[in-house]
Amino acid sequence: MSKQFTKLAYSSVDDMIYGSCPNPVTTRNGLVIGGGEIYPEVNFTLPPMHITKDTMPEVLSIYQEMIHGVLKKVHELHAPGLVVEFETLPDMTEHPEWGIQIHKLLRDTMSDYEAKYGLKSAIRMTPNDIREMSRPPIMRSGKYWEAMVKTFEGSAKDGADFLSIESTGGKEINDEAIVNADLRTSVFALGCLAPRDMAWLWTNISDIARANGAISGGDSACGFANTAMVLAEQGFIPKVYAAIMRTITTPRALAAIENGAVGPSKDCAYENIYLKAITGTPISSEGKTAACAHFSPIGNISAAVADLWSNESVQQVKLLSGFAPVVSTEQLIYDCRLMNVATRKGQTKLMRDLLVESDCYLDPQAYVLRPDVAFEIGKEIVKTQDPFIRTLNTAKLTLDIIKKAVDKKELVIEERELNWLDILESQLDEIPEDEEAFIAEMKKEVDSSKYNPSEYGI
Amino acid sequence: MSKQFTKLAYSSVDDMIYGSCPNPVTTRNGLVIGGGEIYPEVNFTLPPMHITKDTMPEVLSIYQEMIHGVLKKVHELHAPGLVVEFETLPDMTEHPEWGIQIHKLLRDTMSDYEAKYGLKSAIRMTPNDIREMSRPPIMRSGKYWEAMVKTFEGSAKDGADFLSIESTGGKEINDEAIVNADLRTSVFALGCLAPRDMAWLWTNISDIARANGAISGGDSACGFANTAMVLAEQGFIPKVYAAIMRTITTPRALAAIENGAVGPSKDCAYENIYLKAITGTPISSEGKTAACAHFSPIGNISAAVADLWSNESVQQVKLLSGFAPVVSTEQLIYDCRLMNVATRKGQTKLMRDLLVESDCYLDPQAYVLRPDVAFEIGKEIVKTQDPFIRTLNTAKLTLDIIKKAVDKKELVIEERELNWLDILESQLDEIPEDEEAFIAEMKKEVDSSKYNPSEYGI
Amino acid sequence: MDFEELSLAVQKGKAKQVRELVNQGVEEGISIEKILNEGLIDSMAVVGENFKQNKIYVPEMLVAARAMSAGLSILEPLLTATGVKPIGKIVIGTVRGDLHDIGKNLVAMMMKGMGATVYDLGIDVPDVAFVEKAEEVGADIVCISALLTTTMPAIGDVITEFEKAGVRNKYHIMVGGAPVNQAFADSIGANKYTSNAADAAEVAKAYLESKYSN
Amino acid sequence: MDFEELSLAVQKGKAKQVRELVNQGVEEGISIEKILNEGLIDSMAVVGENFKQNKIYVPEMLVAARAMSAGLSILEPLLTATGVKPIGKIVIGTVRGDLHDIGKNLVAMMMKGMGATVYDLGIDVPDVAFVEKAEEVGADIVCISALLTTTMPAIGDVITEFEKAGVRNKYHIMVGGAPVNQAFADSIGANKYTSNAADAAEVAKAYLESKYSN
């Protein structure tokens, strides 16, 4: 562990705003993330198609079309900066040469636009975590991990600015927990397994970044907390469970920063707000303008302290005006413009608070993203360095915060949610405060064909 | 002419804000447009398909799917109100029974949701103007006009709240003018032909509304000014020409309000800002969140004084999260939430000004939408009641405003635009200040196979 | 045995009580079919309805499903013995290259809830494995799920495997998953598409009923 | 005659001057083909290039096109007399039910600019009219435009008309308009799709050149 966090990065919650942070990150070409302005982060993906050797020329031509469309729009609308995220699809990571080739195409085109029009942009390279293609997942070796390393290295050599991933350590047992709203298993996955994997993983990614001139970006617990959010949105599981899932991904997320990542953290990681409060790194976020990728109850509040503002992902399909990635780009640019103008007029804090007020009373998942709540949770987390205790205490505190808000009638939740406040509380009460004891219990409870404890060193 | 406007509806530009206006409009079920809050206006259309007798069941089921998706989202996100626009496609107006049937499906479903969840919504019925299907168009009689009347009447009887149209009088000669950036012909189309058609048309629509309990909504010069904007966006014609096209549609637009319309005026009519300044009626608008339908340089400023906020139109196609109309709905709701929260915090004026500042210095088409510019233009317009003189003077004033802004370096325009400031000025200088003389000149100049002067009473 | 009690026990997910009540019913000589249909399946239908009406969540439904299974495990040997057929056999899986299974699992669960025997092939299933399993168990319905736009085309490939094997018409093929829509389903010649698990179960039930009604 | 002067006159849209220079060239005995290709068409190509590079707007291009036409009208009778063929014949129109023509007109204009003879059927064109005109004039290329998602399928219907008439393979069919994309173009069996008028003209030129190169 290279860093430890024992206190928050801010002394006052008023200072935590969008577009700037205590530890901004600067790319090779001088784009500063978290240095005062919020920039769009655009992500795009293929329309329905197979990816094979034979279709690779078509794949490349679609990516070419997409990046040109996006950069042209950015230029036309005079946006001051841009981050493009390239998140690979599984086939592209399994065949590292494909992912690397697509990354190079994007990176080079971006450089061309910079040379021609002075358009400053940076690329985030996000190979997907294919370690789970083995079942149970093999986390620290094997062909999948090797392919991932190749992808990271190859793209970093070609000039990738930020290396990122949405890593999945612990997810193999959390998937089933989610549909059962089984907080006990989620605490095991997020408090015991995930931080161990993250520490190992981010030490490796940071080494690769250092060796190749790239920046060690950040992770996202999307496969945990966003999956829960999507299921809650469809009415499948309680929102209060999804809200707790959000906050308890933070100790896991911290492991990246503790082991070399410096940001910007990933867009879909709404736990970023706690991360920013604790570490002061720049973060990416997404909300209403990512509705093309997933609906959410946090469309505005998610922008409140963001340093990059993303659309998450959209396919190359034609809308009435043009292709969807260009549509997203235009929308993100205007969102950022409004926020940056507020900053120029000295109104960042006010704009932040309006974004917060917009959503925070309507859904527990929004409520826990309030900056003051983030501070409260952050303070709890930095009290100890033990990820498991951090996770457990965060869960308890979050439940408490939600209950109080409901009692105060500040937060309205559905009838059928109320019941779950008690169910979740008793789930938490049954977890011992000693990690070793808990691990021992869970090793007995969890289906051992689903995961491999030794891959986590437990 | 039932009304005359000789002064602005506001004494101070500070009072002209979004979400409220001097003359709000209330629907049967008590939804107030312009009464303090801004609401989303959602519009959606078919994916690629033929509309025939045989496909009508499929058409209906797609509309059903769309309206359910939209209303479900509105309910989930606790939006306080909603307007749905149903803009017919040509086949549906040619066969009024189809348009009426679809409208009824939408209207009834909306009523169901109101009964079930208390979700207050209103529908805007916008038959498209098919009079131009005859070439040259027959404006005041014939089968096309009769089909339009049937559509208006039939849907009003079924409970349509607002009747609207994007009427096309004068467009038949303006289409060619646009690609030639021929301001002289545009002044003829918008100053001489269009207002005559509008006066006649809106007298008729307002009569139908009155007779059937509907509200006479408003028009849009979309076929003129938005066509110009889209062509300018593609780099085909100068933006300064498109900016002037915008302002000079106002006298035409006024003809609707002078002859019975009370608002809300149509979303894509960016001239609405001048209309609101002059008449105090509520208006709809669209910007960044309508990027799915057309790109624009006015993504935020267009919201500055809007009473409804629209997505213009989007097809029923699947994005990663769900169907595109639902995506639009979510985005609009969050946009409106933010603006309404600002209002609740007493910050409407500040938010308005941030929206304005966001865009106004980057494009002449945005610059002319500044509220202070709207006031200046509005004041010029109300000096006379003659639509032609209004149009000509507005053109001159707009050119002047843009030139001054460029001189002050407040507004940056492309190199190749500069030249056009002079070309357009000399075009205007050659227009006589006497309508009769001008009409006589233009009757000689304009290809008489393109339009029918007698349909305009000239 | 009190059918209402049994229904409540299923709904509340009380597996132990369900087991007891089913045993009691069998001993009392109530027909196996009646216990199955009016006892277990109808109770689960109530649960499904409550879920559709947003009264409960999936976890509650899963608990109920487990309770129902507990009862079913008592009936199954007896059903075979008395020659009563299950309402139908369903093979389900997520296509090759795709690891998403939450949606597929819900579909499987709902199908079990309506009384079908479900063979779940899991995720990342090779095209031909669908054919092999369907042939092996003599399935009625094959359900194919895909969540990625890049794996969606594999649904078509699975159907092609059925054609190649000359057994396409033996099976009712249902397809689904977030990126799938009716147009795509039509284009690959699937029999049915539904956008959610509840509808999927309903549609499957209707199909099985009409198939076995004569 | 000075070719550079002619080029500038075309570029600046000076129709009168273009006419004078072309006449002068003809009198001086410069070959008709050379005046056409190196004089008019190449000048228009410069205009097209300036447009592509965002140096000028469509109105400037239209003025140039009109100037070029003025010159062309002098050459045309001579071309026919000397047996020089125009570079190709193109039929263009907007499909039935669709009144959008701005994009189609630009395509037509650019095609004229590269020296083709263009037959513009206008808007709201019945399916069969495309076939009739193409057959009548012996076209090389047929260009079909549609701007509405509801009229886009009519492009396919037009192609079907060509098939029905048994003349599909005689023509290179190009399609376009905002809702059209490559996938749709492929699905209806069009020969080419391009997303804008400049590319359309380039692609058409390349096709005609390869067609007549032997």
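First chain written, first letter: the chains are A, B, C and D, and each begins at residue 1.
What we mean here is this: a residue touches a chain if its C-beta (ideal position, glycine included) is under 8 Å from a C-beta of that chain, and two chains touch if they have at least 3 such contacts.
As the structure is a prediction and not an experimental result, all values here were calculated from the model.
Least step count on the touch graph, chain C to chain D: 2. Rounded to whole angstrom, the centroid-to-centroid distance between chain B and chain D, based on C-alpha atoms, equals 35 Å. Our note on geometry: chain A versus chain D, Cα centroid distance of 51 Å, whole angstroms. For chain B, residues touching at least two other chains, in rising order: 45, 47, 315, 320. Counting partner chains per residue, chain C has residues 149, 179 touching two or more of them. Taken as a graph of touching chains, this assembly fits none of the simple shapes: it is neither a line, a ring, a star nor a complete graph.
A complete list of chain pairs in contact reads A-B, A-C, A-D, B-C, B-D. Note for the complex: chain A touches chain C at residues 45-51, 89-91, 132-133, 175, 178-182, 227, 231, 235-238, 315, 414, 416, 420. Partner chain A is touched in their complex by these residues of chain B: 45, 73, 76-78, 233, 287-289, 291-295, 297, 299-300, 312-315, 317, 319-322, 324, 326-327, 330-331, 333-335, 337-338, 341-342, 344-345, 347, 350-351, 353-355, 357-359, 362.
Interface residues of chain A facing chain D in the complex, by the touch rule stated above, are 47, 318, 320. Of all residues in chain C, only 149, 178-179, 181, 183 touch chain B in the complex they form. Interface residues of chain D facing chain B in the complex, by the touch rule stated above, are 54-59, 62, 97, 99, 101-102, 105-106, 124, 148-150, 152-154, 179, 184.
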